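Below is one structure, written out as structure tokens, with a few remarks after it.
Chain naming follows the written order as A, B, C and D, and within any one chain the residues start at number 1.
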Amino acid sequence: MSTVRTRPAGSAASSSGSSGRNPLAAVLRARELGIVVALAILVAYTTIANPRFLSAQSVRDILLGASILAVLAVGQTIVIVTRNIDLSVGSVLGLTAFAVGTVVQDNPGLPLPFALLLGMAIGGVCGMVNAVLVRYGQVPALVVTLGTLYMFRGVTYLWAGGQQITADELPRSFLSFANETLLGVPWLVLIALLVTVAAGVLLRNYRVGRELYAMGSNPEAAMLAGISVGRNLLGAFTVSGALAGLAGVLFAIRFGTIDAAAGTGDELEVVAAAVVGGVAVFGGSGTVWGAALGALLLTVIGNSLAVLDINQFWQNAIVGALILFAIGVDRLVAARTARALKKRNSHVR
Amino acid sequence: MSGSENRLRGSFTRLASWDGAVILVAVVALVVAAAAVDGFGTSNNVTFMVLDLLPIALLALPMTLIIVTGEIDLSVASTLGLTSAVMGSLWNSGMAIETIIPLCVLLGAVLGAVNGVFVTVFRLPSLAVTIGTLALFRGLALVVLGESAVADFPVVFTTWVTGTVADTAIPNVLLPLLLLAAVFTVVLHATPVGRAVFAAGAGEQAARFSGVRVDRLKFWLFVASGAVAGLAGVLWTLRYSSARADNGLGLELAVVAAVLLGGVSIFGGRGTMPGVLAGVLLLATLQNALRLEDVTNEALNIVTGALLIVSVLLPNISRSVRTAAQRRRLRRTPIPQPATPPAP
Amino acid sequence: GTTKNDSSDDQGGGSQATGTADPEAELQEGVKMAFLPKQLNNPYSDIEVSGGEEALGELKGEYKLVGPNDASASSQVSYINTLIQQQQDVIGIAANDPNAVCPSLNQARSSGIKVVAFDSDAAKDCRDVFINQATTQGIGEKLVEMASKLAGGSGEIAILSATANATNQNAWIDVMKTELAKPENKDLKLVKIAYGNDEDQKSFQEAQGLLQSYPNLKVIVSPTTVGIAAASRYVSSSNYKGKVAITGLGTPNQMREYIKDGTVKEFALWNPADIGYLAAYAGVALVSGQITGKEGEKFEAGKLGEYEIGADGEIVLGPPTVFDANNIDDFDF
Amino acid sequence: MTRQDATPLLEVRDVAKSFSAVAAVRGCSFPLYPGEVHALVGENGAGKSTIVKMLAGVHQPDTGTLLVSGEEAAFAGPADAKAAGIAVIYQEPTLFPDLSVAENIAMGRQPRGRFGAIDRGRVRREAAELFSRLGVRIDPERPARGLSIADQQIVEIAKAIGGSASVLIMDEPTAALSAVEVERLFAVVRTLRDEGAAVLFISHRFEEITELCERVTIMRDGAHVSTDLVRDLTVDEMVRRMVGRDLDALFPKQDVEPGAVVLEVEDLSREGVFRDVSFTVRAGEIVALAGLVGSGRSEVVQAVFGVDGRDSGAVRVNGKRVRPGDPRSAMAAGMALVPEDRRQQGLVMDLSIQRNVTLPRAGALARLGLLGGGGERREAGRWTERLRTRYGRLTDPVGTLSGGNQQKVVLAKWLSTSPRVLIVDEPTRGIDVGTKAEVHRLMSTLAAEGVAVLMVSSELPEVLGMADRVLVMREGRIAADIPRPRATEESIMFAAMGQEANT
């Protein structure tokens, strides 16, 4: 899958620093810009068709939905930039959602932050399993995580069986968290934002972040450069797992009903979100901002289709078409950047 | 150096590598199941197993070539679903089945071409593209057939698909499967196209500099993938005598799993067709045998996953062990002169 | 060529009930009956088969439960094959696709296995009897009746169904449409049929969509336990609570909370456990030769009393129960 | 100015290293003294890069030891070597294409500001400062992807001299550079040396060694031959020791009477890369395409061969037009291109030597469309032998060959297509003297057989030695067409640089 990416990794953000001098910066930033525009158009159109789309209730619903996907997409991005992939996130989400659900069910007094941490811990362990197999087993990430996708799901089923944790079995305090807000912003959304910002800064401004991009951009060179590939890989997968765990808890909070099937098939949607967000599937470039936006875009697509009252049967088709459209636009921007670059440093006058 | 001796060593090491291992394991699994699991050996069951593995086996053939070129096609299952749906509606519209079947295969090819265009013309990563078309094609399937399910396909055809050759246990569908498998194997391993496939996967730029028309190659591979998926859709529909929009839902991961289990490198450039076929067979055998032993679905999932990982893990470990041993040997014994051509 | 027109409807040569029933025949013991619900680990079907287990306990039979995790026809077929190899006496199946399972069901019957369809029917010529939770007609009417009552006789209503091609739901919805067409319901307007695919999350989002698209919506009717629970939960946690009524088919345990907090006034369901219970008795009766599946044959179904086989080998469980704040605490399933 | 007395900053003590069947290095020792540039020479596959990789901590010696300023040291990985103050320029560029050039240079030692975050401004400034030291114009903000081989090599150099290392190891850093950059590089290396750094310098160009180095270690077949002061040795002596025999004349160009025009290039243009390029090559003629790095030579030949598209212009072989952007039709017309970047363009590293050699001709070798092992192996065997390629088995991945031997495989691959027009881009880059002579002999024999040869080269001696005609490119245009008699270093460099003396 060779797409020419002629744009420094994450420079959608990084170029902003030099935007003043750098005429290229504008073009470069267009990457995330493209998604924002698409988002704006979609929202505008839907709102015109049905003003209630922007009603507080509806916006809240969309943001809540997006925040879970965004958390997953951020984790996925961290793994993808290292030229790996984590397909097990859906299963990890299911496992943690059910585990935390059960724990909360058994001791309702449990403070929420603890529940969140518990979820992240469980997810983190799953992530570590992936990492160890990838790193020390030398097994390609796609194989490992495809395998653990089946395994984690299987474990969840073995444990849960037909048992379903329903809303009335969960403590009010736990569920109501979905509706609680800070300054009008739901907590779930704040958590998602926090995660995105933290990951974004880490990837852009810290050595380990840049090393992750380096590993994805040219693994051999990364090894030669003395980057401790193993440690970083372990970190990346663990974080991805932990975020999937976090998402699992958020899922439990939001939907209240949890069975063994929770999060089935999410992996592809998450990868789609990242890709739509301009994260290159073969590593080395892309930002968590993009991924988060991608998540938001996908969610908005889903909801607006429901609101626009488009025939049920068309919805899947349209989602697919829009995904293709989004990555197409993204590619166009990339191509434009490439031309601009070639012009700039050609010596031909 | 003596060529023949090298060739021998070469083929030996290849057999000791993962795809070789998978073939071995598959055979062992078959034997054990036949011996230990009652009901497994019965002709009836054999027929059924083949019918169960048919779609995955079919889809795995072109998927192997695609993955070796370093691309991937996640839309196969949706293509299968869409062709199935179209088959249903065409049948309802009163068209003759003899016309419908080729049309469906053609449709599959067209859908594959759509993927091909996005990947080779617009240069989009195939993983992303086919995730998109995965949703798109499945959606279109719903648009075509909606909630309804078409069932009344001519008995002659449905029974042929589920039937066996004469009164042997060999299912009729095994014949087209074997034929296609043979074709794809030869193409991959013994033709210029196959060489190009490996080259494109292992070093695309170098391949282009050697005159390989990489884009054209990839395009046609996607077309082939689509066409085969179309055929699979037809067979699926006839087997269950039921055309539905949700046929083959989620099959894509099973196919990819089988291919990887067969020792194909997800990064492209490495893999063998026999390995993949063994992978498919192994999965099918386990599923069938374990079910007969009343092993639950959950456990099946876990086994499948574990198998997938182990199949890659074990050869890696054994290889590293071998090289370590070699290193120790070299430390002790004096190193033989590396071959130098005779000075003129 | 072969076209739809010249392909007659004889599917896989399935045989209608054969032989003659002997009402006096002894109920056999040790009958091996396997239940193959639409999908395992689905709360509703778990309750159903639990009834079957109970009945087989009473009848000293062997109970067995197998099934896929996804409600797809193809995976059910693989399980039927397994059961044939394991030489069960009876297969109790809730078909995910009436026709897809047909060839293998007939294979089973030709190797002497009795087939009892329950909950959702298989094509009638590839099973011996079908246990129907209630007549399609009855359910459809009941749903419209409740909706009309909650809407106060007029206004917009919407349906939140299961998957787009779920046999039962579609049958009921058809009845509802004809009911709504009647003059006494002329003021009720069915604005949309949404599909939650029997997934909690999807149903939840579809409920959202409905309320956003139809500000004047009065009632959401959800003829599936997953849908009604999800819709109720969304409404109870949103500011639509009190403005929009929810009704349909749900299990008391899932709905108790929403009945109590007033989100839901009333909903209906039969006791799922009884379906499995009845299926088991019918299965054993078939094996013992008490019945063959012909119309008019009678048999005893333990605590449920006597049942008579109707047209097309259909056995109707009975009218659904309506649950509301007053009676809900009397039920636990 | 040599320091016998001082303890070596780094010392190699009879280390050995083998890869499965191949003994790459067999007992080799030499010291690197502070303030001294130490040359390491040997034929292709002699084991130079393997030693470099051991010093860099990439490989661990099977036997023998490394001493860092007298202390025994065992490098578990490149990180350890770095920590020990060793900076390495590998033979093959190792850049991160997605990261900006500046980040590539700073990777692993980025300056940190508040909260330990990277100070991006400083990263950029330091890169810019390094480039001005090397006197090149590369935008620190541009991504490394798309840099020409030469630019990549320069970034590598910047990377190595950026970190204040006490030991600098350079594996054929000049292979991709032309005279001008080489001079600049040497200037920088000399300052480093005078600041007390120890430098290991690997090259196949003896003039560079005599110009830059104080001490030279010679290897053959992985074994240590000798370590002497450069001034005590003549070039011929060095060559004799490393090849193990006397070499005949280096540039055996035989004069041939050029025949009819075979290759015609007319007004070839590509937006932003080259403009209005026209020239012809006759049968039996060797035309050199000279010019500064980045002048667009590779782009031109790649467009001629069709791997790159072109905006306008025509290419004809024997009067027949070659379809643009389609190497197949170029090959069908009898064209062959030995590209400049062997890792990316020349070879498929993971495939076997055999598959690589026969890749362009797989079609021709097939019987009834089928390929049996035999034909391919014979073909590959014949050509690799003829080029004296050094390998274990034809089925080994070509990536395991030494740099020079890889280059030979590329040549074998294209010569096996018996082309009528042979285009070679830096054909002897990273090739040892013996093979170089071999390649040159080959080229002139081919010319004698009536093949039209177009040679891109940054090595003036090579250009002057081989070419019947020299086309000089400047800034994407053909600046001059100089026939052999009038071709001199001066005339070519003047045309290449135009009036202003800086690129």
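Here is the rule we use: a residue touches a chain if its C-beta (ideal position, glycine included) is under 8 Å from a C-beta of that chain, and two chains touch if they have at least 3 such contacts.
According to UniProt, the chain labels map to these proteins: A = Autoinducer 2 import system permease protein LsrC; B = Autoinducer 2 import system permease protein LsrD; D = D-xylose ABC transporter ATP-binding protein.
What you see is a predicted model; the values in this text were computed from it and never measured.
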If each hop has to land on a touching chain, what is the smallest number of hops from subunit A to subunit D?
1
Look at all chain centres (mean of CA atoms) and spot the one farthest from the centre of subunit C.
D
Counting in whole Å, what is the centre-to-centre distance of subunit B and subunit D, each centre being its mean C-alpha position?
42
Centre-to-centre distance between subunit C and subunit B (centres being mean Cα positions), rounded to whole Å:
38
The distance between the C-alpha centres of subunit C and subunit D, rounded to whole Å, is 75
Quick one: subunit A and subunit B, Cα centre-to-centre, how many Å?
30
Please output the residue numbers of subunit A that touch at least 2 other chains, ranges allowed.
4, 157, 280, 312-313
For subunit B, residues contacting two or more additional chains
142, 146, 245, 250, 297-298
Please give all chain pairs that are in touch with each other.
A-B, A-C, A-D, B-C, B-D
So in the complex, which bits of subunit C are touching subunit A?
40-43, 46, 69, 164, 192-195, 199-201, 204-206, 208-210, 212-213, 215, 229-230, 233, 237-240, 253-254, 256-257
If we count contacts the way the header does, which residues on subunit D are in touch with subunit A in the complex?
56-58, 77-82, 88, 90, 94-100, 103, 107-108, 110, 112, 116-118, 120-121, 124, 138-139, 141-143, 145-146, 271-275, 294-296, 475-477, 503
What does subunit B use to touch subunit C in their complex?
39-40, 42, 44-45, 48, 52, 91-92, 94-99, 142, 146-149, 151-159, 162, 236, 240-242, 244-250, 287, 291-292, 294, 297-298
Subunit D partner contacts - residues on subunit A that touch it in the complex:
4-9, 11, 14-15, 17-18, 22, 24, 201, 205-207, 210-211, 213-214, 216-218, 220-228, 280, 283-285, 338, 341-349
How about subunit B: which of its residues touch subunit A in the complex?
70-72, 74, 118-119, 122-129, 131-140, 142-143, 146, 204, 245, 250, 253, 256-257, 260, 265-267, 296-302, 304-309, 312-313, 316-317
